[in-house]
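Following this line, the structures themselves.
Note that chain A is present in both complexes that follow, paired respectively with chain B and with chain C.
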Partner chain A sequence: MSTKIKETVQALLIEGKIKGFLGLREANGNIMPHLFCDPKELDSLSLGDWKKSGDTRYPLNQMMIQLAIAYPNETFAILVRGCDERGLRELFKWKQLAEDKVILIGIGCPDELARACECEKPFPDSLLEGPQGTRVENEKVASIDKMGLEERFTFWEAEFNRCIKCLGCRNICPMCFCNECTLEEANLIDTGAVPPANPTFHLVRAIHMVGRCIDCGLCEEACPADIPLRTLYKKVGEIISKEFGYKTGFSVDEKSPFNIIEVK
Partner chain B sequence: MEFKTVLSFCPYCGCGCGLLLEVLDGKIVGTLPSKTSPVNQGKLCVKGWNVHEFVISPNRLIKPMVRKNDTLENSSWDEALHLSATRLKEIKEKYGPDSIGVLTSAKCTNEENYLLQKFTRAAIGTNNIDHCARL
Partner chain C sequence: MTFLKKLLEFSGLHPDRVRTRWVSSAEAVEFVHEVSEFVEDIKKLGPNPLKAKAKEAA
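Up next, the complex of A and B:
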């Protein structure tokens, strides 16, 4: 399923419109991120499907920020799914990337992946290849919402208590671009213990995901303690959508919920 | 311009978690857990996540140093090895081989660790050999 993508990227490279294409490469049975600068390398291009569809997704947007810092005048193309495209829109808004320096090469996710992610929009607008799937209902959030307040609190407390504070959720997050992080500030949060301050640690991160989390799910995939982080941040997204009418990553022009002040 | 990820293994303990080192123009800039590693399946602990930091740390010892008058001074390999060998021999002769202990590291390769235990047992003559992964 990558013929069209290969052809498009090849043309962009040959015409000199991009310096490189940030995507995934398959080598010796492994799939890993790679910057394709030579069209000949494109034979090893992978879309991130290893044993299951989309099971080897990596935070490419995060690497794009590093490339843009090193080469601010160059234009790059990047492989995006629906979530990655939403992420790029927020990164443009937050001035972490320049919109005119990034060309989106979009792939749509198959139903299997869209269902596993309970994805709001499993394809990018820049769709080049792959299906244009439909929205999947948010059943995991709904099942937790059904619990009573006390039961819900006990549930999350038990989940958070398994945390080994690897900070993998933050490290892999393509939307965590701050130079200083609250989670490491002893003045703001109790540090030096495992599990970390419960529930402060996880709720601080959840609140920082307001207007940032684009629901890619990489955090949950990286969690060695299997904490359902994605469900937590999905709930954050749901509240922001309901209270502020803001859908993270759906528009570059829409103002961040942090800028919406309602005077009653 | 070159940006690639290189598959490697975490050197911190004996688990052998697969990780990807992000390399930009020949310099390691970050670490990612490998999703295709059957050992850690896309996850890492806090040490693994920060592997790239010690490689480029300015505190990393990259040349031999010898303590002279209570301060560490740069030295040559010949001088450092000669001093170590002489002192180890003196201590062994005066106090016996069991007065010496050797600590090796999970950051070394299997072969390096084999060599060090061989040196400890055969050259020094003691079973006092241990490693940091016992922590």
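Up next, the complex of A and C:
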């Protein structure tokens, strides 16, 4: 399954077009992120737990930002799914990564994973291997839309109040690159208590996901309290798409409607 | 605002609980009108479910 990816990366490494390839490696029965700099290492390349949405996914884009900070003049290749590609596009627009320094190695997700994620587009445009799946409907969001106001309030209150404020959702988020975070600002959100000030805490994070969240779902996987964060952020994406006609991460040059500052 | 209203609605709060209006400092009458109208509308909606929660906790 990974032959084409291996060949492509090997060629890039040998030709010296890239300093390294950020992907996943299987070692001692574990799958972990790895920066492949030597073509010989590629035998241990893994595509992760790509059959199901498991716990062998890592915020590779986040690591890419750290790499780019450490080696600003080098070019790297990176393993991307559909969501990762959308994320990179937004990161380019947010000036967190330079587009000409990143080469995308795309894999498509199988139907099973696409369904589990209710993914809008389960394959990247830079698809090299794997299936070119189809869009899956957003049923979790629809099920909450069907509820009445009071029912929704009770639902979210119960979900949010399980929060232990570990900030795992923010820390794993490849789109959370700010140096200072509103969530830790006592003047804006009451701090020092668990659960945090709800729904403020979670709604503030949801608002900050506008034009950023590309629906990779790492937040929900990281959440020890199983709060359906992904459903909340999916709704954020839906509002932005329906009301403002902006689909996060789908275009290379169109900016989020909340970030357009025209200088004439 | 459009976004905030939709998000509040999704999380179970009435979207009419939040409102923005631009009123110049020279338009006192307009300002009074807007605020009074907002207060009336809020009263019609009844107490905020969040407030009931805060009281329970106290």
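Assume the second predicted complex is superposed on the first by the 252 of 264 C-alpha atoms of A that agree within 3 Å, B and C clash if a C-alpha of one lies under 4 Å from a C-alpha of the other, contacts with A are read in each partner's own complex, and residues count from 1 in each chain.
As a working rule, a contact is a pair of C-beta atoms (placed from the backbone, for glycine too) under 8 Å apart; a residue touches a chain by one contact, two chains touch by 3 or more.
Note that the structure is predicted; figures quoted are calculated from it, not measured.
J.: For the three-chain model obtained by superposing on chain A, do chain B and chain C clash or fit?
T.: fit
J.: Quick one: classify A:Lys140 as touching chain B (first), chain C (second), both or neither.
T.: Neither: A:Lys140 stays clear of chain B and chain C.
J.: Contacts for A:Glu243 in the overlay, against chain B (first) and chain C (second): which applies, first, second, both or neither?
T.: A:Glu243: touches chain C, not chain B.
J.: Quick one: angle from chain B through chain A to chain C, Cα centres, nearest 10°?
T.: Once the structures are overlaid on A, chain A sees chain B and chain C at 100 degrees.
J.: One more residue to check, A:Ile207. First (chain B), second (chain C), both or neither?
T.: A:Ile207 sits against chain C, while chain B stays out of touch.
J.: Taking the superposition on A as described, I'd like to know which of chain B and chain C A:Asn171 touches: first, second, both or neither.
T.: first
J.: Return the chain, chain B or chain C, that is in touch with more residues of chain A.
T.: B
J.: Report for A:Phe155: first if it touches chain B alone, second if chain C alone, otherwise both or neither.
T.: Only chain C; A:Phe155 stays clear of chain B.
J.: With the two structures laid over each other on chain A, which partner does A:Pro199 touch: chain B (first), chain C (second), both, or neither?
T.: So A:Pro199 only meets chain C here.
J.: Between chain B and chain C, what is the shortest CA distance in the superposition, whole Å?
T.: 25
J.: Where on chain A do the contacts from chain B and from chain C line up?
T.: Correct list for chain A: none, the interfaces share no residue.
J.: Please give the residue numbers of chain C that touch chain A in the complex, ascending.
T.: So the residues of chain C in touch with chain A come to 2-4, 6-14, 49-50, 53.
J.: Per the contact definition, I'd like the list of chain A residues that touch chain C in the complex.
T.: 144-145, 147, 149-157, 199, 203, 206-207, 210, 232, 235-236, 239-240, 243-244, 258
J.: Provide the residue numbers of chain A that touch chain B in the complex, in ascending order.
T.: 19-20, 22, 27-35, 37, 50, 55-59, 63, 66-67, 70-71, 74, 164-168, 171-172, 221-224
J.: In the complex of these two chains, what residues of chain B are touching chain A?
T.: Its residues touching chain A are 1-5, 7, 20, 22, 24-25, 29-30, 32-37, 40, 42-46, 48-49.
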